[in-house]
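Step one of this worksheet: look at the structure below.
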Amino acid sequence: MKKEVPLLITAIFGSFMVIDYFVPHPSVSAVGETLQQWAIIVISFSYVLGVANIARVNGEKISKRSRDWPFAIPLLMGLAFMLGVGIFGGIGERTLFNDFFLYAYTPMSGTMFSLLAFFIASAAFRSFRVRTLEAGLLAVAAVIVMLGRVPVGAEIWDKLPGIADWINNVPQMAAKRAILIGAALGAISTGLKIILGLERNYLGGE
Amino acid sequence: MEKIDRRYIFLAILLLVLVPLLVPIGLPIRVSREVQSGYDAVAEIPDGSTAYFAADYDPATMPELHPMALAALDQLFSKNCKVIGACLWPAGPPLLEDALRRIGEERYGKKYGVDFVNLGYKPGNEVAMVSVGRSIRATFPTDFYGTPVESLEVMRGAASLTDMAILVNISAGYPGTKEWVQQVQSRYHVTMVAGCTAVSTPEYYPYFQSGQLSGLIGGMAGAAEYEKLVGKLGTATRGMDAQSLGHLAIIAFIVLGNVLYFATKKKAP
Amino acid sequence: MLPAPFLNTMAALLTIAIFSFLYKDNPFYKFAEYLFVGIAAGYIVALEYHNVIVPNLWRPLVGGDLNLLVPFVLGVLLFSRFTSGFGWLSRWAIGLMVGTFSGLAIIGFAQGDLVAQVQANMLPLKTETLLGTFSNWVIFIGLLSSLVYFFFSKEHKGALGASAKLGIWFLMVSFGASYGFTVMSRFSLLIGRLLFLLVDWPASFGLHWLH
Amino acid sequence: MQSAKPIVLLAVFLLLPACVHVLTVGAQEAAPAPTAQAEGQVRWFDLNRLNIALVVAVFFILVLVFIRQAGKGASFFIRKIAGLDAIEEAIGRATEMGKPVLYVPGIDDVNNIQTIYSMVILGNVAKLVARYETPLIVPVCRAFVVPLAEETVKQGYLDSGHPEAYNPNNIRYLSDEQFAFTAGVDGIMLREKPAANLFLGSFFAESLVLAETGFSTGAIQIAGTANIHQLPFFVVACDYTLIGEEFFAATAYLSKEAKLVGTLKGSDWMKIFLIVALVVGAVLETFGVTAFTRWFTVQ
């Protein structure tokens, strides 16, 4: 029951997704559609699980008074607030939920990522080292693309945007295609092994 | 070199980005092939046809992607196209709503439910994509507001993705352009134009070269080019001067860092 | 709907709180960081409730589609992970998700990447223009040599070694391009936040000081 | 000769397009054009997708054949992967300096296959570390990864006969939030100054911050990820980087587990097939023959 049932479920759902693609028969499509609708619902529960986990971890943080525990209070309050106004007040335009999404969630998330502009500058100065020929090629391509993709490139040399376009569309594209093909082989063989039950690490230990 | 306080670097970056925003230089913008083909692909669909607008992004990437979403919607609504918008990123629907209302309702006077709709969010990534390809109604029984989709005029004749003239995808990563190509474009052969973050752009060049993507709009620079083509200059165009200076700063830091590194290394032994 | 000046000021203060991390880690940053996690978590559950649980599960279920009891039960079983004795029950739902994604991945990668990309690379090695011919050769050699780099069952020596070496050079050029594009993304985000502080925030008070 | 089978398959792989093409074109010419009535009939196989079915089938067979051979005891060669050999060297150096080893398994949850593979590598690293009796610090970003990492490391110490050296306090759950986690790992690097940093798993925007801090502390850094967009930052700031598939090969390389090695071998053979097909396709295209290319069209 502990391993066999989940492996069987995996095999059924996995192989059906494959068969569904090759077999246009309506009876198969109907089953495929149902299974996909089921999957969407189960996946939505997994998000709720993730949130429940965050609440649990931070609740414990407060009760155990571990490091930074006072900050867990705004976290839980933010969670409860968004959940409350979202479920009872609706989520559309002109709701509190939408206000807090656009004026709290949005600026914080955007600013977190914009910090990376600063970090990338510091990393460029302190840890981008051209120690090998390979790193040199990387650096040259990076510089050409950085200049060629923005207006200043053409001001420096009017051929730069063209060269950057060529690099992107030709050598860089070829290497990325090799990575795509390699990754596709990896994903397909992993998928096969999962469906056949040869790969079962995802089920965790006993 | 490790002794240099990072904060001086941070300060330099802040100034370099801030100054051109306050005092614009107005460097001319040149349209690249990838963006031009994207614009052309949208221009070629029949006026008044229906487009599927997959807004798969969230606030973290808004400065790059929102301008291109606005520009693409502008081009679609200017052709009187109907737009069916939906999100596979949970934080997407309010952004899509903002874009649809701003361009559709305010700029072109289009009506919600008649000319455009926001179907909201569905989890499931690839599963949801394949499912939309099969039947929009089964995947999105209601729109963002909970209205059953059968009651919306815009959904008439729009049963699945194959009924769409074009698939426009604005993508911040997973799930996004790559998965739409793999699961939907290859399966149903819809014309697809992708706008994505600069980070993921290089990965999608193979799809553009192979013709799976009819256009590729990469990052804020791509958005600025699109704004130029549509003829409505917005925040992306406004940011291009600062963007240029930022890139120059990074190049200067790489060069300076290496010069100092190798100079001190030679001295050491 | 709260007044715009209030909302914009809240957004601006939160933005500044996060930027303050650049000076050093401090309680304002920590507060914003934790609040962000909380708001994001609350947001997603409320959204799942309105956009999935109600339309895709609850309404059809009360409408008589009892099939949907299966995903409902499996979804609830996920929460058995929090118990010590019944954690294994959650594997049923995990099996469903992993199986579905594996199956779709096989198809997606096969049709979108493997076959389509191989086909797209079958380019004529002689075209009407010199640049076209040159580019096609570069694409041809670039793909083959990069693929050779990912060979694991032969030592990279001799011709194979030379080819793998060429492959790594192509890979490095592509990483360089990725680096350049990433720099572009990061700066765009910073520009976006600064434009908010400089333009949108004052505009919410009716102050249009920047052109 | 164990490689005879793949060669036969290769021949089939290359000849089939021609045969199928002749057959289907012939059939289409013989049969009347599909009418509405014909379309209404149910079909059990979509002939348009035969090409994909064949490519996938050939690959499946290759993988399964080699897994089976490996299961029977056949051993396959894996080329040297410098970054992986460097792991032992880095651990040795950390031991000499009396400093810990840091292992970051990425920031993704257990549903990402890279996290799972990272755990396999972690098990091998734990074995090595236990032998040298060097502390191993593992910061974790997802609550569900914690028990997995704990068990993996404990098992590694057990396998190398030093269960007493296992310290559960070194598996540290820092935060689910990306940048809070990053700041936490930075703190560990600056305070405890590990001599070897191993970044192996699924990384995102935090990669450059981690690699930069590690570079500034002078640690030997080995990174590996299949998230292509983060590779540039590892390449410029780390001593060794495992690129994409090399990362997945790492588990086979270190664990020598039969099914993993067999998969690798099958995938190599598939690459040979594809390379041959690419060359044939390009040559035919050059001479204006497009039938081969068209056979690969996804419909």
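Annotations for the structure displayed:
For reference, chains read A, B, C and D in written order, and residue numbers begin at 1 within each chain.
One rule holds for everything that comes next: a contact is a pair of C-beta atoms (placed from the backbone, for glycine too) under 8 Å apart; a residue touches a chain by one contact, two chains touch by 3 or more.
These figures come from a predicted structure and were not determined experimentally.
Under the touch definition stated at the top, chain B and chain C share these contacting partners: A, D.
Among the chain pairings, A-C comes first (most C-beta pairs in contact).
Taking each chain's centre as the mean of its C-alpha atoms, chain A lies 3 Å from chain C.
Note: centroid distance chain A to chain B, computed from Cα atoms, is 16 Å. In this assembly, the C-alpha centroid of chain C lies 19 Å from the C-alpha centroid of chain D.
Taking each chain's centre as the average of its CA atoms, chain B and chain D sit 29 Å apart. Across the assembly, chain A contributes 21, 36-37, 39-40, 43-44, 47, 54, 91, 101-102, 105-107, 109-110, 112-118, 120, 122, 126-130, 134-135, 138-139, 142-143, 146, 149-150, 168-169, 172-173, 176-177, 179-183, 185, 188, 190, 192, 202, 204 as residues in contact with two or more other chains.
Touching of two or more other chains is recorded for residues 22, 33, 36-37, 40, 43-44, 47-48, 50, 52, 56, 81, 94, 97-98, 100, 104-107, 109-114, 116-121, 140, 143, 147, 150, 171-172, 174-184, 187, 189-190, 192-193 of chain C. Counting partner chains per residue, chain B shows two or more touched chains at residues 2, 10, 13, 17, 60-63, 90-91, 93, 122-123, 125, 127, 130, 144, 186-187, 198-199, 202-203, 206, 209, 218-219, 221, 243, 246-247, 250. Those residues of chain A whose C-beta lies close enough to touch chain D in the complex are 21-26, 53-54, 57, 112-113, 115-116, 119-120, 122-123, 126-130, 134-135, 138-139, 142, 176, 179, 181-183, 185-186, 188-190, 192-193, 198-199, 201-202, 204-205.
Those residues of chain C that touch chain B in the shared complex are 22-23, 40, 43-44, 47-48, 50-52, 54-56, 59-60, 100-101, 104-105, 107-109, 111-113, 116-117, 119-120, 174, 177-178, 180-185, 187-195, 198, 210-211. Interface of chain D with chain A (complex): residues 42-46, 49, 52-53, 56, 59-60, 63-64, 67, 110-111, 113, 116, 119-120, 143-144, 147-148, 151, 176, 178-179, 205, 208-209, 211-212, 215-216, 226, 228, 232-233, 235-237, 244-245, 248, 259, 263, 266-267, 270-271, 274. If you check the complex, the residues on chain B that touch chain A are 1-2, 4, 6, 9-10, 12-14, 17, 27-30, 32-33, 58-63, 90-91, 93-94, 97-98, 101, 122-125, 127-128, 130-131, 134-135, 138-139, 144-145, 187, 198, 202-203, 205-206, 208-209, 218-219, 221, 240-241, 243-251, 253-254, 256-258, 261.
Those residues of chain A that touch chain C in the complex are listed here as 1-3, 5-18, 21, 34-52, 54-56, 68, 71-72, 74-87, 90-91, 94-97, 99-118, 120, 133-135, 137-146, 149-150, 166-185, 187-188, 190-192, 194-195, 202-204.
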